[in-house]
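Following are the structures in question.
In the two complexes that follow, chain A is the common piece, with chain B as its partner first and chain C second.
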Partner chain A sequence: MKLGGIAGFVVRRLLLGLLVLGLVSIVVFAATQALPGDPARSILGRTATPASLKALRDQLGLGGSVLSQYFSWIGGLLHGDAGNSLAAQEPVTDLLGDKVVNSAFLVFCSGIISIPISVAIGSYAALRRDRTFDVSTSIATLVFAALPEFVVGVSLVVIFATTVFTGFLPAITIISPGARPWNDMTAMILPTATLVLAVTPYVVRIMRASMIEVLESDYVEMARLKGLPERTVIVRHALPNALGPTFQVIAINLAYLAGGVIVVEYVFNYAGIGGALRDAVSTQDLPVVQALAMLIAAVYVVLNLLADVATIIVTPRLRTRL
Partner chain B sequence: MVDNPNPGAGLDLDRLSLSRRELLMGAGGVLLAGGLAACGGSGSSGSTGGGSAPAGTPKKGGNFRLGVTGGGAGDIVDGQSIVNKPDQARLIGSWETLLTYDEDYVLGTDGLAEEVDSSVPGQVDVRIRSGIEFHNGKTLTADDVIYSINRILDPKEGLFGAAGLGSVDPKNLKKMDANTVRVGLKQPDSTIPDQLGQYFNGIVPDGYERKNDLKWVGTGPYKIQSFSPGQQSVAVRNPNYWRPASEGPWFDQVTVTDFADAAAQVNALLGGQIDAITDLPFAQVDSAKSQGMEVLEGTGGGWLPICMAIDMDPFTDVRVRQAFRLMADRPALLEQALSGHGRVANDIFAPFDPCYSSDLPQREQDIDQAKSLLKAAGKEGMTVDLHTTNGAAGMVDSANVFAAQCKAAGVTVNVKNDPNYYGDQYLKLAFSVDFWGTRAFLPQVSLGSLPKPCPYNETHWPPKSGEGSDYVSLYQQALKETDPTKRCDIIHEMQKAEYDVGGYIIAFFNNLVDAHSPKVQGFKVSKATLNLDTFGHGFRTIWFA
Partner chain C sequence: MAVTSDIAVTPEPEVITARRPAGALLRSSLRLWRTRIGVALVVLLVVVALFGPFFAPHGPTDFVGAPNTGPSDAARFGTDHIGQDVWSRFLWGGREVLGMAVAATAIGLILGGLIGLVAAYSRNILDDVLMRAMDVILAFPQIMLALVAIATVGPKTWLLVLTVGLTTMPRVARVARGAAQPIVERDFVAAAEALGVPRLRILVGEVMPNTLSPLLVEVNLRLTYSIGLIAGLAFLGFAPNPNGADWGFMIQENRLALVQQPWGVVLPVVAIALLTIGTGLVGDGIARAAVGIDRSRGGE
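So, the complex of A and B:
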């Protein structure tokens, strides 16, 4: 019954997610292809000739009505065909395949490091509330939360790669074609550290706040009064309940990473979707822009879904309500 | 400017120089013959000469890693075309031209041709060196030269070289023997040898296409081994390269990496992950030097004209044009637009052309004279819109700085920064800023200073009457003239008219500012159209210390 409840919930959320993606696709399409004016002309600029305009219009599928253009685009996407890149003249999926893997690996590295660290720091800070550890981590997280990633990234490069300890770590990440980012882990250190420093502060702060709330709750007090060891109180009763809200923040942060890697990839010349998106926007490569916008939206939807499910699983109150 | 699909990214296809050599137009002979001298003689080319060339004996080995900005998913490899700047680096290392330019931008027979004879009007005879092999082992013959020229001229290919070789008759390319081709012309054109030296007119094997199995086959010092657009390409030393071993190439491998951002590129250089970069940001020149990097500043010939259409109000009156030219403070414009990394210009173009009129007096700001000219024209205190866009670095800065300078003469210039500048209104504006690359004089004229079908005539030059009205017939005379002195006389006359009554305000020519690690030797400060001393002459004349 309980499992069925969760399964039903997952199905409902999946359908909702699909609806959201459908709406996003309309916005993405409207913002790129269906804008007033002629995208073909704006792409070609002063190199436009009647012949090249016609060729590009055909390639973009600008022939029919806006509605039929939209359905042919979304139909292609559903079949895994995102069209051909205008700049590279090859299928978008071929162009982005490796880059998606590279970016996903960067997000994975950042997540796998930042999540345990921030949960641990946040919980410990809550337990040591208002003492030295708590105060100092509060200040540190505030500072890092206030710094944009590119400032953190550039500072790390200056310290560890170019100026202070010249050549200690690679300043940028060169991923040779055909190679994978995990082939050279030293080149992953600085971009990963930058993202970890960007994400950790938020999770630490929410973890601390939620842990403090839980520690002050009646059931924790009850557990303590029953004479349970403090360790059991925290691990069995306090932590699971405090993790619920934290999952939400982690999900939002990971999803943010999927889009936010753009800045970090730029600083480290990392061959991922961020660089591809920047390149596609500057060359007005509409099919690539559309595909990446949809991909990033899908990541948001999926991560939020996972966070909701995880929250329900660790929170008895929510679980029983389904 | 033209044929630049991606100007904002700093692509320099248009910064191509089409200059020419006195010798070429040569004393009746018009014969370019390669002798020992053309081969540089003493080996180790690049190791001596030029004040900046570091001492040291070249030696083999190493992976030369170059970082280039301005590329992206649209990058290509093609022996006769480029889209982005990293493509230039790949082309230069793997393909070669019939004629070549040296560090002083003098055309010579140090390329695949040992002789180019254009002494008979209407034809050019090209004799290639024998025994040169392509990367796939095939020997270079006249058939490859004919195929290469035909491919350039094929309208379906849409190659840049087609415009410059427009007077070549594709039906009249004759193979005289295995090593000689007679190129028939539709009309006399003294600029053909220059075109044969343009880097994008590389010689490809018969049957070459960008996507077939000959796609990476050239005769150059390096063979392309892998290529991933927007990311990286790797080329390895060509073991069968035709020049003597003492003339390079030296590296085992050349890796070209695309960079999205100049800051990441500089960081990679400082951190030792790459050995050289193109286009060091001006703001970082001092910092790069202080951290031990070598900055290479070569002279380029690119320019950002402020264009006055001579048949549109208010510039129909020559006195107004002259007044505006006198309002420009050229050194200040150079300082603002290029942080001083260039040379002050004098309202005429093609500085590398041997016929460039360097003896015309340098025009300077003269507000009083400008005011009195405007008064005489009845245009005191006038207001005019100046159109510009972020097409090439400095275009918007130039417009704003010039507008400020005009205030001193009581003239209000409203700068219109228009993202759709290169739309329908382009070339129909009375007052605008544009950008051009390095070219020799006559090829530049054919693109920007003649009546239709000349494609990019912003100033609607030449005038119908008065000085300059004979410009078109002078241009045609110059194309036919084989005597270099007489040809220069004609060009001087054309430039004088532009200087006196033309519609361009040309404030400066650009420099090329690049950087490299001190362990790379052999770079020279050169007059060049391409960065890093033409990428270390195709990575052949540079080596690791």
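So, the complex of A and C:
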């Protein structure tokens, strides 16, 4: 019965996620194809000849009604065909395959480092509430939460690569064709560090708040009164309960990383989807922009879904309400 | 306050106590040192951004020497990638970032506040429709939507302000709705409705003032992100004026010469960093003061 509740919840959230993705696809389509006049003309500029305009319109699939354009685009996406890149004249999927792997690896590195660190810092700050460690992490998280990622990234380059400690770490990440980002881990350090600094503050703050709430709860007091060692109280009783609300923030931050990589990859010339998106936007390569927008939105929706499901599973209180 | 005296059940006292926080909140937040430092940083950077151009030794696009030279008598912080004065461009470069970020935040605050209040007050299908629509916008990372728009229209000032404003809107709407929801269920709203006060007046006169405190915190947070986003888009190369002086764009154009001439990058990076830290500190100070106020009121 309980499992059925969770399954039902997952199905409902899944349907909602699909609905959101469908709406997102309409937004992307409207923004890139339907709304501001003729994209072919805006790409080619005023000097375009009627022949070149027609050629580009055909390539963008601009013939027919707006509705049929939309369905042919979305149908293609569902079959793994995102059209051809205007700049490279290659299928978008061929162009982006490796870059998706590279970006996923960057997000993976950032997540695998930032999550344990932030859970540990947040819990410790809660245990040392209002003491030096807590106050200094509170200020540090505040500062790093306020700083834009590119400011952090560029500062790290200035400090560790070009100016203060010249040549200590590579300023840009070169992934030669055919190579994988994990072949050269030193080049991963600065981009990963930038993303870690961007997301850690949020998780630290929610972890601290949630841990403080749990530590003040009756069952933790009960566990202490039973004479359990403080270590057991914290690791067995407090931590698992404090992690519940944190899951959601972790997943939201991983989802945020999907957007955060855009700027950070550009800072480090990292060959991923973020850099590709930036280049596609500046060359108005609409099929690439559309495909990447949908990909990033899909990652976002899926992670938020996972967050909700994980929160339900680790928070017994919520399970009964399903 | 214009309350007609012949109405017996005027919900006056409750409204007054509920209205006090926004002003009191600002005052009590200023007692925290982090708010003071934040205000000082923001004032400093706003002064630089607004009045900097009057003190700039050169115009933002004047050529004063060879590209990428270090600090000298002619150029205090050296020259940039095409030989313009870094110091002058820095002094000119804050207006655009700050102006656009403030405008975008204002749009997000007004639209988001309105939608959140209406959603909370409607208590029917409109609430669901509005908030689900906000969820769709939230299904995008903010920068993503801005980039999609830029891809078709180009980095126009109005477009950047509008997309950043519109993507800020659902985040504000959520906060406004959350703050307004407990209030629309309070007795004084029901009393005002029973008296036949127009719903718009209840919304503006009774519900809105009570949401100001959480919105005050939110607007600082949103301003911080808007500055980062606008500057970040300029850093990606999407600034409205090609070769215009803009802190974000300066970082992008000078970053390849970081080894020879770091100042063209360091000055704008420090400026954006201090500005966002400043707004972040102010927001946090207000949030902390709000918690304090809630506690002392709860203890009454």
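Criterion: the second predicted complex is superposed on the first by the 315 of 322 C-alpha atoms of A that agree within 3 Å, B and C clash if a C-alpha of one lies under 4 Å from a C-alpha of the other, contacts with A are read in each partner's own complex, and residues count from 1 in each chain.
By our rule, contacts are C-beta pairs under 8 Å (C-beta built on N, C-alpha and C of every residue); 3 or more make two chains touch, one makes a residue touch a chain.
Source: prediction; values computed, not measured.
In the model built by aligning both structures on chain A, chain B clashes with chain C. Touch criterion met: A:Val151 reaches chain C, while chain B stays clear of it.
Applying the stated contact rule after C-alpha superposition, one finds that A:Tyr70 touches neither chain B nor chain C. When the two structures are aligned on the shared chain, A:Thr32 is found in touch with chain C, with no touch to chain B.
Looking at the shared chain after the overlay, A:Ser176 reaches chain B, while chain C stays out of its contact range. With both structures placed on the common chain, the touch criterion links A:Ala293 to chain C but leaves chain B unconnected. When chain B and chain C are set side by side, the one touching more residues of chain A is C.
Looking at the shared chain after the overlay, A:Phe268 reaches chain B, while chain C stays out of its contact range. Shared-chain residue A:Tyr202: touches no atom of chain B or chain C. Of the two partner chains, chain B is the only one that A:Ser85 touches; chain C does not reach it. Contacts of A:Ala276 after superposition on the shared chain: chain B is touched, whereas chain C is not. Only one of the chain C stretches 75-83, 129-137 or 183-191 carries C-alpha atoms that clash with chain B in the superposed arrangement, namely 75-83. Contacts of chain A with chain B, set against its contacts with chain C after fitting on chain A, overlap at residues 42, 154, 157, 162-163, 166, 171, 266, 278, 280, 282, 285.
Chain C makes touch with chain A in their complex at residues 34, 135-136, 139-145, 147-154, 224, 227-229, 231-232, 235-238, 248, 251, 255, 258-259, 262, 265-266, 269, 272-273, 276-277, 279-281, 284. In the complex of the two chains, the chain A residues touching chain C come out as 20-21, 23-24, 27-28, 31-33, 35-36, 39, 42, 139, 142-143, 145-151, 154-155, 157-158, 162-163, 166, 171, 255-256, 258-260, 262-263, 266, 277-278, 280-282, 284-286, 289, 293, 296-297, 300-301, 304. For chain B in complex with chain A, the residues that touch the partner chain are 3, 5-6, 8-9, 72-74, 226-232, 234, 257, 259-261, 263-265, 267-268, 270-273, 291, 420, 422-423, 426. Interface of chain A with chain B (complex): residues 41-42, 45-47, 85, 87-88, 95, 154, 157, 161-163, 166-167, 169-172, 174-178, 266-269, 271, 275-276, 278-280, 282-283, 285, 288.
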